[in-house]
Structure formats: C-alpha cells, structure tokens
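Shown below is the structure under consideration.
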Amino acid sequence: MKPLWHKLTEMIGRTQKVWYVALLILVLVFPGMTTSYWTDVAFFFGLYILLGLSLNIIVGYAGLFNLGHAAFYAVGAYTTAILNTVLGIPVLYLLPISALAAAFFAYLITKPILHLRGDYLAIVTIGFAEIVRISLINNIGGLTGGPNGLLGISRPELFGMRLYTPTHFYYLVWFLVIMVILAMVRLEDSRLGRAWNYVREDELAAEAMGIDATRTKMLAFVVGSALAGVAGNIYAAKMTMIAPESFGFWESVVIFSIVILGGMGSIPGVVVGAFGMVVWPEIFRGFAEARMLIFGAAMVLMMLFRPQGLWPSPRARRAMESQKKSRPSAKAGTA
Amino acid sequence: MKKFALVMLVLVMAFAVTACGSKDDAADPIKIGVQGPISGQWALEGTGFVRAVTMLAEEINADGGINGREIQIIQGDDKGDPKEATLVAQRLVNQGVVAVVGAYNSTATEPASAIYNEAGVLHVTPSSTATGLTEKGYDQFFRTCFLDDRQGLFAAEFMTGTLGAKKIALIHDNTTYAKGLADWTKIYLEELGAEVVFFDAIVPGEREFGPTLTRLKNVNPDAIYFTGYFSEGGLLLKQARDMGITSTFVAGNANNNADFIEIAGIQNAKGAIITTEPIPTDIDYPEARKFIDDYQARYGEMPPSIWTLSAADAFRVVVEAIEKTQSTDKDKLANYLHNTMKDFPGITGPITFDEKGDRLGTVHRAYIVNEKGEFVPYSN
Amino acid sequence: MTLLQVRDLSKSFGGLRAVNDVSFEINKGEILGLIGPNGAGKTTVFNLITGIYRPDTGQVMLASDNLVGLRPNAITKKGIARTFQTLRLFPNMTVWENVMAGRHVRTRAGFWLGVFKFKSEREEEKHIRETSIEYLKLVGLEHLKDELAKSLPYGDQRKLEIARALATEPKLVILDEPAGGLNDQESWELVELMRKVRDMGVTILLIEHDMEVVMNISDRIVVLDNGEKIAEGTPEAIQQDSRVIEAYLGKEEEESSWHF
Amino acid sequence: MEMFFGQIINGITIGSIYALVALGYTMVYGVLRMINFAHGELFTLGAYMAFTMIVSMNLAAYIPNAVVALIVMAVMVAGLVAIVGVLLERIAYKPLRQSGRLAPVISALGASIFLQNAIMLIWGANYKVFPEGVVPSITWEIGGVSITLMRVLILSTSLTLMIALYVLIQRTQVGTAIRACALDHDTARLMGIDVDKIIRLVFIIGPALGGIAGMMVGLYYRQIGFTMGWHYGIKAFTAAILGGIGNIPGAMVGGLILGVAESLGAGYISNAWKDAIAFLILILILILRPTGLLGERVAEKV
C-alpha cells in the first residue's frame, strides 16, 4: 500500500494534505460516531457517488446525454443476482463480472446510436432502459424472476469475514468510492480523458485531429457502464433482493440529476450532487410530500440561474468567467 | 481543491452531528414501528397502515395500555422502495422498537426483514405475499396475509365448482402479487381439469385494454379472472362489457374496493364477482365490526383496501403476544405466535401461524356486485 | 515527387454536381493554392480529401495509399491535417490542451494506462506536453498556453488552429481560408508562418480568398469553377489566364454560401 | 379477420389521442428545437381540470344541453391549459433560448417533475373517477366489432382539431409565420415576424390540444391518475418522431401508426410487451431514419 499512499500525497500536494487526511479519517471513523441508520444513509450516499461518477464519464466528460443509466446499473445487479442464486458464485467474485457484463451490454446497444446527438440520444437511452425494465418484468429466459425479482442473494465474504452489518457495507462502498475518485482524477488528466473532452467540445474538429469519435464515445459508455455495473453488484449484495421496480426511469433521473446538480464533469460536483439527492432528503424527512415538487422547481431554477452546477469543474468555472469578459466573436470569420 | 476538502469536511461534520440521534433504551412506553409507503404510488395503502395502527394504539392507550405500559407508534415511510425500506428499518431499530408492522410490497419487506432479524425485532407484514420471504428461516417474521396460493386455490375451486366454468381466462398486471396469484390459480385450475384459454398481463397505469380484450373475446372464455388492482380492474370490466364480452368477470382481493364498481359503472359491475377475505360487513367477529365502525367514524371513509385490515390484524397480533407473554422479548413473542396462539379472532378471520410464520387456513369467500353497486355474499 | 494525387473526383448533392471530374497533384514540399469563385466547390474538394464526404467517383491517393472510404480520423492518422474555414477550436479548453489534441493520434495510452499511470504513460504524457509547447512556440502562442481557447483574439485563434493541425505531424496540411478575417499585419504573419511550415518539410494545400496571399505564397495554383478545374499553373500564369479572369468577373464577389 | 378489424379500430382510437398530444411535441420542436418534456403533464392537467369542472363544480348542471356543455368545458380546459403552457414557456424556457440545447431540456425535465407533483398535491395521489353518463354509453355493433359513442367522439374530435390545425398552418398567414419560424428564427425576424409571439402561439396551441386530449381520456376511461402524463407523453413523443419531428401531418400519421402497431402488438403478441414494442419502433426509427416517415432529409450542416 505504500506506493499508493505516496502517489496520493504527491497528487494532493502538501498544503491540501492536511484536509484530505482529516477527511479520510472522518470517513474512517464515521460509523463509530453514529447509529446504524446514519451509517446506512452514508452507505447509500457512497453508492450514489459511484453511480454519479459512472454517469459523469458519459454525460460530463464525453457530453453524451444518457437518460437511461439505470439500465446498466440493472445489468450489473442482475448479473450478480442470477449468477449468485443459480450458480452460487460468491458475490464479490462477481464484482468484476458484473462490471464486464454491464460494459458489454453498453457496447452492444450503444454501437448503433452513437451518431445521434443531444436530445435524440437522451430519448433513445430512455427507450433502451425501458425495454430493459420491461424485459426484466417479463422474466426473459426465465432468469430474472419477473416482477418479483430475485431473492436470496447471499452476503459477500471478504478475507473469510461475512459482510452483513451496515458498517461492513459502509466500508466496502467507501473504499470503492475513494478508489474510483482517485482513478477519475487521473483519468481526467490523461490522453483518454482529454479525448472525451475534445469530442464533447467539437466532434468534427476532434475527428480532424485524428481522434476516433465513435470509439471514444463508445469507450465513455463502456467505462461508465462498467462502473454502474460495480454499483449494481454492491446494491444486490446489500439488498439481497432486487426487482425491476428499482431500475425504472426515475432511477435514471436521480443519477442524471446528481451529475447536473453538482456540475457536469466535476468530481466534487458529483459528491455534492449525491449529497443533495440522497442525504439532504433524509435530513429533511418532514417535507416528504412536497419533496419532488421542490426538486423539480430546483432543476428549473438551476438551469436559469446556475447552469454550471453547484460545484462546477475548474474548466466549466473558467468557461463561465471568460464568458463575462468581452471577447471577439468567432463569427467574424464568415463575414 | 483545498476548498473542496474543507467544505466536504464541514458537510460530513454537519452530517455526523445530525446523525447523533436518540439511542433509546427500555423507556416506559413500548415502541412499535409501522413501515409502509406513506408517500409515492402506493401512498393510499401506507396511509391505511398508519391510520389503522395509530387508531388501535390510541384505543389501547386510552384503556391503560398493555401490561400498564403505553404504546408509542413510530412510523416510517419507505415509499415502497427497497433502499428507503432499509433506511426506515435501520431507523426504527435505532429508535428501539419492539416490533414492526409492515412494509407493504415484498421488495421493501425483504431487505427490512433481514435488518429486523439481525436486530431481534418482531416483524409482521400485512401484505407481502412473496413465497420466498418465509423461506429464510427467520424465527421472528410473520405475515397476516395469506400466500397467493390460498386465494388461487379458492378462486380455482370457485370458478370450476360453483360457477361450473370450463374455459377460463387469466389476466394479471405483472406486479409481484398479481402475477403470483395468477400463477397459482393457473396451477390449481389445471389440476382441477379446467382449461386456461388465455393468460396475459396488462400494464399498471395503462387505460386502453381493447387490444387484450379483442384477443380475449376470440377465445370466448366462460369466466375471466383478473388478479390485479381495482384501478385497472374496473376499467377492464367496463371495456369488456363495452365490447360485448359477456363472460363472468371474477377479480382478486385487490379489487375489494368501492372504486372498482365506481370505475366500471354499476351497470357493468353488476354481477361481477370478487374473491377475497371476508369483507368487514360480512364478518361475525365483533372485533371486525368495531374496527370498521371506529375507522369510519374517525377518518370519515372506509379502509382503502383489505391490506388496511390486515395491518390492523398484524398490530393486534403483536399486542396479543406482548399481553399474553407479559414480555417484550422477541424469542418469547415469536414462540407465542408460532406455537401457542391458535385461531386468534382477527379482523380478517381466525389467525394461526405455522412454524415458518405463514398464516394457516383459508378464509376466502366470493362476493357479487348487486344492483345497487354493493358487494354482497355470493349465493347460488 | 507526388505526395497527394486527386484523380477524377466527383460529388453530387441531390441533383447538384458540386465537384466534377477534378484531378490535380500536390508535390512534396510545395504550397498549392486552390482558388475559385464562390460555390466553385473548393471546400467540397477539401471535405472529399479529408473524408468528411465520400466521393461518388474518383480517387484520392496519399503516396501509395488510397484514402477514399476512410474516416476523417484515419486520414489524419495517415498524415493529412486540416484547419476549418470557420474556426473549430475546443473553445472551453486551454490553448495548450487544444494543441495536445493534435498529439492524440501519435500517442497510445488508453484507459488502463490512464488510470494506473505506469511509467510508459507518464513518459508519454510528458512527451505530449513538451512537444505541444514546441508547436505553440512555433506559432508564438506559448505565453498564452493556459488561457481558454475562446478568450484568444481572432488572429491568435487562427494560429492556434494551425498549431493544432501541425501537432498531428502531418505530411500534408490543408488550410481552409486561413487569412479569412485577418488584418494586413496578421495576414503577413500568416504568410511567414506558412513559409516556416513549408521549410519544416510539410506540404501545404491552401484555399484562400485573399489573392494577395495566394499569389504571394503558392508555388502552383489550381482554379475551380462550377465544380470543374479550369486552370492550373504558376501564380503568374494563372493571373494571365483568360478563363480564370472570366470566371471571377462573371460572379459577384460575395461571401461564400458554403458554410463550414 | 373480425379480430383484426377490432384491433385496427382500437389502434386508431388510441392513436388519435397520441396524435393530438404529439402535435404539441412536434410544434414546439419545430420552432424551438427542444423536447418539451413537460407536455405530458399539461395533458394530465387537462384531464384533472375537466374532472374538477364536471365533478366538483358540476358545470353541466348550468348548461341544459349536454353537447353544448361538453364543448364549453372543452374550450375552458383548452384555455386554462394553454395559460399554463404560456407561463411554462415564459418562466422555464424563454430565458434559456440562447443557452444551448442541454439547459432547456433539463429545465423541461424539471418542469415536468414539478407539474406532476403539483397535480398530485392539488388533487391527491388517488385515482380520480369521472362520473358515469357524462357521455352516454351507446354501443353499435358493426360486423361483429363493437364501437362505442365515446370512441366515435374521440376520433371525430381529434380529426376535426387536426384538420383545423393543418389548415391553419398551411393556409393562413399565421401558419406561414409559424412555418417560417420553424425554418430559421433570424430569417423569420428579418421578414418582420415577431418570433416571440409565434413561440407563444405555439405554446397556446400545443397545450390546448394536449389538454383536450387529456379531457377526452378522462371522459372515455373515466379513471385518471397524476402519473398518466408520462405514459401518454412518451408514446406521443414516439409518434412525433415516427412521423418526423417538426412535421405536423407527420405527428398525425405517426400517432395513428403507433396506435395501430401497439394494438396489433398487444393483440397478437402480448400486452406486456406493448410498451417495449413502441420503444423499439422509436429506437429503430431514430437509428435508421431519424427524419421520420414524413420528414424531409435535412442536409446536415457540417
């Protein structure tokens, strides 16, 4: 673990190290400070950070408007559930397999639709996600258990320890969250990460630079879906029962909102977004009835007054700032 | 990035401070949780749970409580969502409940049941009928609803026997409960030698059943058995009659609701039959009558569905166990419910549990809609 | 030596014949100007060469490779880079990152290397950054490397686009009206830059409206009118050519209707 | 054969509702190039407003003639829903007209969630049941196929409205202005068209038609719920895409084709797969012919 720690500190830099270490300690001791209820809330917070980060690759980095992310999440969860209940393969062994299954599924369905733009892509992804959900309900291949879903998924085991308490799952998910955030920070500043941004900014120009836009967009879907598959695996392990109703359009909207709320393409934005979507409502349980109403209004208001999100990526922030400065019109070229 | 770390720290701190909730030990009142979808698509059902349980608890408290201790009801809204169900269950456990009535749908009950089992909390669901729930060997898990197979058997016997139907069409709505009931009914119908000439699902929330019914009309069944909910059941019945389908219309217990008749229209609903637990007005138990009267007096309307009554029974069973064992120890309570309690006078009929926690016996009856648009006991 | 050979290229849109049997060659190391009145089909020829459109008939050969049917990115990989008539930078990314886009096609790291940052990836990343700076120095923008592309003055954006194209290490760079919208001073700088690029061994194909620029810098010129080649030769010869003069006089000098 | 015709009739009835709702999507897309996700909720709103007028206010009691009463209520529903439509445009969309494609779509999604929950909070989460006999239940038997009066009413109302709209768009000056806006805002403005006014008009016509569709669904099925907009909305949107989004006759044809396809799918395959079939059609159209059946090929601006 030492080289990793080195890299970690190296990446964060000296002055910030203190804060990150404090944060890490807090994450480590949190379950000890509180009840199993809040530990579970923190578990779901972590789970939705994973889901948000996974969609952030597709929506935030590559600019692909995916409103059917729950489908990939579902594929991960069902892969785990089916292979565990039918073949008895231990849940944690299925983690990479669920990721692969979701990635493969993404590879298959996104291939023909990548040329679609903006809202059209959004509609197609909604359509695919609905088809997935309906197929699960109709018990395709007799494997998905129909509307009942699948029951009796076994508890994961790690180093001979059976994971079942909220605290166990809390550590499992937050370990993954930290690992994935580290991976994302690195990816953002890599050749692939930039390629995603180029395609988002201007697909044609990216192609002219020799970037295979189709492949790059596909990779965004594949990587993002793989991560959603991981989240699905954890979810199945935690719940021990999954059903199609957990993977409907609404779930996609929630994940999408996490990305938009925080700021597209921003890792801290995803964390803030997940906090807003998962933890905030738990703190304010009283407004249950009007919760969705407020949420809808917030979405509109966000677009009107803070379209870059609550915690935009440095890039988006710079873009907003430079918009305020006067700048020469790019249209001059045609005049 | 430094700012990020700082803000996150503050957020997590705030979170932790909020989190330092109450860890309540055996204080004076006995805490009983009620969990269900108080908001969301099944809000009606969850609200029914809460109302029934709250009303009964207040009545008991007015009479001095159980064993001299007051009952405190703690409600948890799970929206019918398994994630929320987990959180609600954790919260109820943290708040020190002795027993929980609830979770409406099986997908919410499942993850909650594991938490209650690990925490040693008595758990009675009024409405989750998935068979697998009682297969996990939890000794403190019970249900006051019948498994789908009981009603399926009754419906199959009723349709083939009493109605003398040979060709039967089955329609469900692809929800856990309706699909289960349809599957069981099909099994028993085939055992009894009837022919299932049509078996298909409609989609909840759908309004146009023309395509399904046109196909159904072609096979001309003697009876149609619909296992879904009243909101679609009423429409299905109306559209079937509009299309000139005259087969006897039989519907499952989720159609035991006045809106079933209202949506179909009295003219169409007349002669339709439902299979259900005894409807309150038809039960001889004074408990049932009293419950219905009290409920109506207090909330100004009839209980929204059979599950409300089942929730009331779940609560009454819990109270009975606490009263009889003079204890709140889950082993004693569970043991009492498994082994000692026989034919407890429930609102939905006599209640006895088997070793798995499932309810024994069958109490289903058939009711027919009369000319005034009321359910009355079916008689030849 | 011939670098690019365009043979019998034709393309129709609906009933309109945009390019009709056009053939020309570009020799290694030269600057070829492609001119013609508006709607003559210049930009369509560009798009046919760079793979945005697929020709109905004809061939495009880069050295011995046939480019027809290849995707634009594959053509870039073979060694043709381009700029756009209307600027197409990555507006919300930095100047430096824009040039790094050009390095993409000459580097390899993918997902796993990006996540695990093995030594090979770190070295490659360092190489990308360093070479990108070199190209920025070439066009004189290195001091602006951390600015957002869209905040640059127009002339600098033109230069940045050229630097980005050069970063792909092309054999041939195609410039689509690089002087469009530039003032005299900037145009002059541009001519200098093109000479420098040519001296680096990169062949240039140039569409330009600014006749002064074209005549000044081109080694040879190809003239299109109504989708057909009407003349080819040295700048001096073209200026004398009666068909060319007629073609230009016959049309109004108005802004192109070919939006790019 | 009887069954086949029965299914076709089913399909046309439901399809004409889809078509009516689809017009709202297609017109907005035509002039603003955005998907108005909230349109389905305007449809729901129409149903609930009709419910309030019929049940709570018992408007029919004040108007002796049943036909007149229905028409008056339809006009009122259309007007009220149109007001909400205009407000929606004013508040949630207009400020975002210059901010790219993403922001308006998210705003529309938010508006959709807001409206749906507003309806739930105002009218409650329970199903609402329309009373019997607002439209008499008369059934004709034609060649073994039963047709109810309400079906005939739905079909004729939808067709009348669609024809009226078609004439408006194709034959009048306002229609020309709408078509000009659909082609290019700047050019339209140069031609002296008040683009803002045209957009407002589109947000009057679309929601009004959607509201009437909602009212008819309420009258016909007599059971309405606050989530019904999503269901009908996505279908209507599919219909709009199918016919070629932005294309008004396309929305009508798309609605009818989708209705019939769904009906046959449900009739011959299974009702449970019906929605999946509709989505499959949507995806295939977008992949294979994104301009829809009647849409013209628009030369892609590179």
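Observations on the structure shown:
Letters A, B, C and D mark the chains in the order given here, with residues in each chain numbered from 1 onward.
Convention: a residue touches a chain if its C-beta (ideal position, glycine included) is under 8 Å from a C-beta of that chain, and two chains touch if they have at least 3 such contacts.
Please read these numbers as outputs of a predicted model, since none were measured by experiment.
Using the average of C-alpha coordinates as each chain's centre, C ends up farthest from subunit D.
The interface with the greater count of contacting C-beta pairs, when A-C is set against A-D, is A-C. Averaged Cα coordinates give subunit A a centre that lies 40 Å from the centre of subunit C. The distance from the centre of subunit A to the centre of subunit D, with each centre set as the mean of the Cα atoms, comes to 34 Å.
Mean C-alpha positions place subunit B and subunit D at a centre distance of 37 Å. Distance between chain centres (mean CA atoms), subunit B to subunit C: 71 Å. Touching of two or more other chains is recorded for residues 270, 272, 275, 302 of subunit D.
The multi-chain contact residues of subunit A, meaning those touching 2 or more other chains, are 137-138, 204, 289.
Touching two or more other chains at once are residues 39, 174, 201 of subunit B.
Against subunit C, the residues of subunit A that register as touching in their complex are 7, 183, 186-187, 190-195, 197-198, 201-202, 204-213, 219, 223, 315-316, 318-319, 322, 325, 327-328, 330-335.
Interface residues of subunit A, counted against subunit B in their complex, comprise 12, 15-16, 19-20, 22-23, 26-27, 30, 33-42, 44, 137-138, 146-149, 151-152, 164-166, 238-243, 245-246, 268, 271, 275, 279, 282-283, 285, 288-289, 291, 311.
Subunit C makes touch with subunit A in their complex at residues 50, 52, 71-74, 76-77, 81-82, 84-93, 97, 100-102, 104-105, 107-111, 113-117, 121, 124-125, 128, 148, 150-151, 153-154, 157, 164-165, 168, 177, 180-181, 255, 259. Those residues of subunit A whose C-beta lies close enough to touch subunit D in the complex are 65, 112-113, 116, 118-120, 122-124, 126-128, 130-131, 134-135, 137-138, 204, 249, 253, 260, 289-290, 292-293, 295-300, 302-304, 307. Chain contact summary for the complex, subunit D toward subunit A: residues 34-35, 91-92, 95-96, 99, 101-107, 109-118, 121, 230, 234, 237, 241, 270, 272-273, 275-276, 279-280, 282-283, 286-287, 290, 302.
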